[in-house]
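We just call them A, B and C in the order they show up, numbering each chain from 1.
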Amino acid sequence: MATILIENLTKVYPPTPTYPQQVQALGGVSMSVTGNVFVAVLGPSGSGKTTLLNIVAGVEEPTAGAVRVVQDGVPAQVGYVFQEPRLLPWRSVLDNMLYVQNRKSDRSKREAEFYLSMVGLSDVAHLYPAQLSAGMQQRVGIARAFLVNPDVLLMDEPFSHMDALTGRSLRDYLQRIWAHTRKTALFVTHDVGEAVELADRILMLRPGGVVFDDIPVNLPRPRRPDDAAVHAVETEVLRRFDSMEAAVRFGDQRN
Amino acid sequence: MSYATDLPTTSEFGQVPGTPQGSPAEAVHWTRKPWFVNALAVAILLVVWQYLHSVNGRVPSIDEVVSFLGVELGGGSHGGVSRGEFWGPLSISLQRYAIGLAIGIPVGGLLGLLIGGSRRFRSVLNDTVLVLLVLPSVVWAFAASLWFGIGSTAPVVAVVLTAVPFMAVNLSSGIRGLDPGLALMSDAFRVPRLRRATHLLVGGALSNAVTGVRLAFMTSWNSLLIVEWFGTASGVGWRAKHWYDAQRFEGFVAWILLFVVFITLLDWLVLRRLEHRSTRWQQQPTLTFAEGEIA
Amino acid sequence: MAYDTSVTPDAVADLSAREIRRSVMGRWGLRAGVVIGWMAFIGVWYVFSGAVLGTQQLPPPHTVAAEVWQVVTGDGFGTTLWASLFRVIVGCTMALSASIVLGMVIAYSAWWRGLLGILTRFFVSIPTVALAILALILFGASGLGPMLTAALVATPYVMSSVAQGLTRVDRRLIVMSESFGRTRSQIITGVLLPSSVLAVIGGARQAFALAWRITLLTEVFASSDGVGFQIKRSFESYDVRGLLAWTALFIGLMFIFENFVFRQLERRAFGGAHVSLATAESTR
């Protein structure tokens, strides 16, 4: 069983010649997630969502605080869908999949092809990334994250680059496979509807990287974006954002 | 044709790799056929040449040069003055060229890897490599022939010293231009080091490395000729100078033509093909002769 | 709230002070690297001069520095420099003007691109030393040769980088302009020229660097004054000291132009925004 344990995580970027002020991306985030939980991290642009995922993935060092991502006591295998597609432009789609495949076997190629077909891209396996649309590239990124058979799934606004229709059907698909595999998931988004539709729990960030709320979503699955219950939670989430904004604007300006 | 679609979609006057060629049924006007454009270019060059001949008596005419070439290549007698020589000077120069490049390209490549891969190495070595790059090759030619005399050492050293900075600068800028997000992605997926080296580093910097190789070939050929002209008594540069000193300008021009043919064949048959292959994945049209300097 | 998310401002300030120290130290480390690099360069020069080639063959750095001083303070330095600089400026201007016109032509006409492509490839593969000697045959030692050769050699390169700058112009802007019924000339002045200033400045920079090198080389053959001529004279009298001194002066001059003239031009064109990026890049 996978566990993500985050304690008082702080990230401050030092000033640079271009931007001579330090930036606090995360201001003491703490949380723990164990088992088959789908957590959405919801926050406006610049609130440190990407920074949080990068640190959890172990590709960035925190300024302070600690992160542990373990599966049965050993470091967990992470599948990361980045905010941009991040494909090697000089390798074909299929080779990009194989690039991250660490347990090589004679089935590697067939597995890669399977996950490509899952996102509807069987036909373009031999094209270069530049020959795909932005949404198609992002779907390769999603297939790639599943290919490594991750214990923990990290997703950074995976549907923001594609049209609403494709996004909707992929979201649907993600719900179904998640229900099937139930990997521990950390899903970053700025779309309230998306968060409510997918998550068991919504972590709300405000600029400065501070968690100001943590809402459980106890709705039966599969959920539809037009369910009344989903709507009700969305309204509640938005209300809490508004009151946070009011508090930041009119009183508590510290961060 | 609309203005926007008239913009080039070709990669260096050719087809963008990976895109289908226009359908064969589509008729191309004969003035747009490649053979016509090629022939026109050759005709323009010949007319300009003949014009220069007619206004300046020191410029040899086309047929003088052609008949001289025949004698020089065939080893015949130049009007009783001396015998034609071609393969001797050529093989000597090619040897120097090959040895120089065989040393210069790996050394430059190694420097490029260090400078591109590590900020520390970059801070230490970058200025030295830039000074080497800015130095005109005539200075190398002079210095090398003063140091090493008229043997083969000076031309080889000049070739090495010209090739090294071109290789180093191109490779290192290729490595530094790699998207850091890709390294991050590889970290996140725990991609092992060896695969990262072959797919990320080599894949990404290959086209720059090939460009560096191409420029090293082109520029060091020039350096070789300069050293041979000033400081040796053998090789193709020396042979061109021989005819120049004898005031046989048709001989001199004939040798220049040979230089051009040699480097053009090398470029078209080998170097450009390599470059084309290594940039196949790029969809952006490129129109340059690559970033680089000559002389 | 389920978690205590409060951080004291002091704690963050303390933590970030550490990060700042680390990054500043990194930057100083790199500056130290540059100094080490130059010291190594000069050290290797001393070693070669003292132990490998001999001080006669390769004078040590301080001797060359003294020679530079002598050349700069001696008579005729200004005349020599101006002779070369004048040729470079004229050659560079010719190359740049031709390149802007030809660059536009090849950027927007496939036919001319084909024709000029073949012609320029031909010129690019003539070794520059051959061009320099042809200039001597055609123009004698008049000084016209270096100028024209520089222009001729620089043009293909500058032309292609100008054309590349033009083709990088966002096509969507052109499509947009067409959809609003703008004319060809309106598109050229409204979209193409503003977005290709960068390419033209880059082209000027390239033209300048190339023109210097070619002028120098051609002066070696076909001139009786200028920096190239001085370099040849040093060579012919086995004067390595003079050769290296003039070379050092040449490199210094290139450095000055690159850092003062072209940086200033770019600053004008980009209203300062670009410059801070450039410095950020150079301190990294």
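The working rule: contacts are C-beta pairs under 8 Å (C-beta built on N, C-alpha and C of every residue); 3 or more make two chains touch, one makes a residue touch a chain.
These numbers were taken from a predicted model, which means no experiment stands behind them.
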item	value
Chain pair with more C-beta contacts, A-C versus B-C	B-C
Far-end chain from subunit C, centres as C-alpha averages	A
Averaged-CA centre spacing for the pair subunit B and subunit A, given as whole angstrom	48
Separation of mean Cα positions, subunit C and subunit B [Å, integer]	19
Length of the line joining the C-alpha centres of subunit A and subunit C, rounded to whole Å	45
Residues on subunit C engaged by subunit A in the complex (per definition of touch)	1-7, 9, 11-12, 15-16, 18-20, 22-23, 276-277, 279-280, 283
Subunit B to subunit A touching residues, read off their complex	18, 179, 181-182, 184-192, 195, 199-200, 203-204, 206-207, 280-284
Subunit B-facing residues of subunit C, complex	29-34, 36-38, 40-41, 53, 57-58, 106-111, 113-115, 117-122, 124-130, 133-134, 137-138, 153, 156-157, 160-161, 163-164, 167, 171, 174-175, 178, 184, 187, 206, 209-210, 213-214, 216-217, 220, 228, 231-232, 234-235, 238, 240, 243-244, 247, 250-251, 254, 284
Interface residues, subunit A side, partner subunit B - complex	54, 57-59, 77-80, 82, 84, 86, 88-91, 95, 99-100, 102, 127-128, 130-131, 144, 148, 154
Partner subunit C, residues of subunit A touching it in the complex	8, 10, 12-18, 22, 24, 27-31, 63-64, 210-214, 254
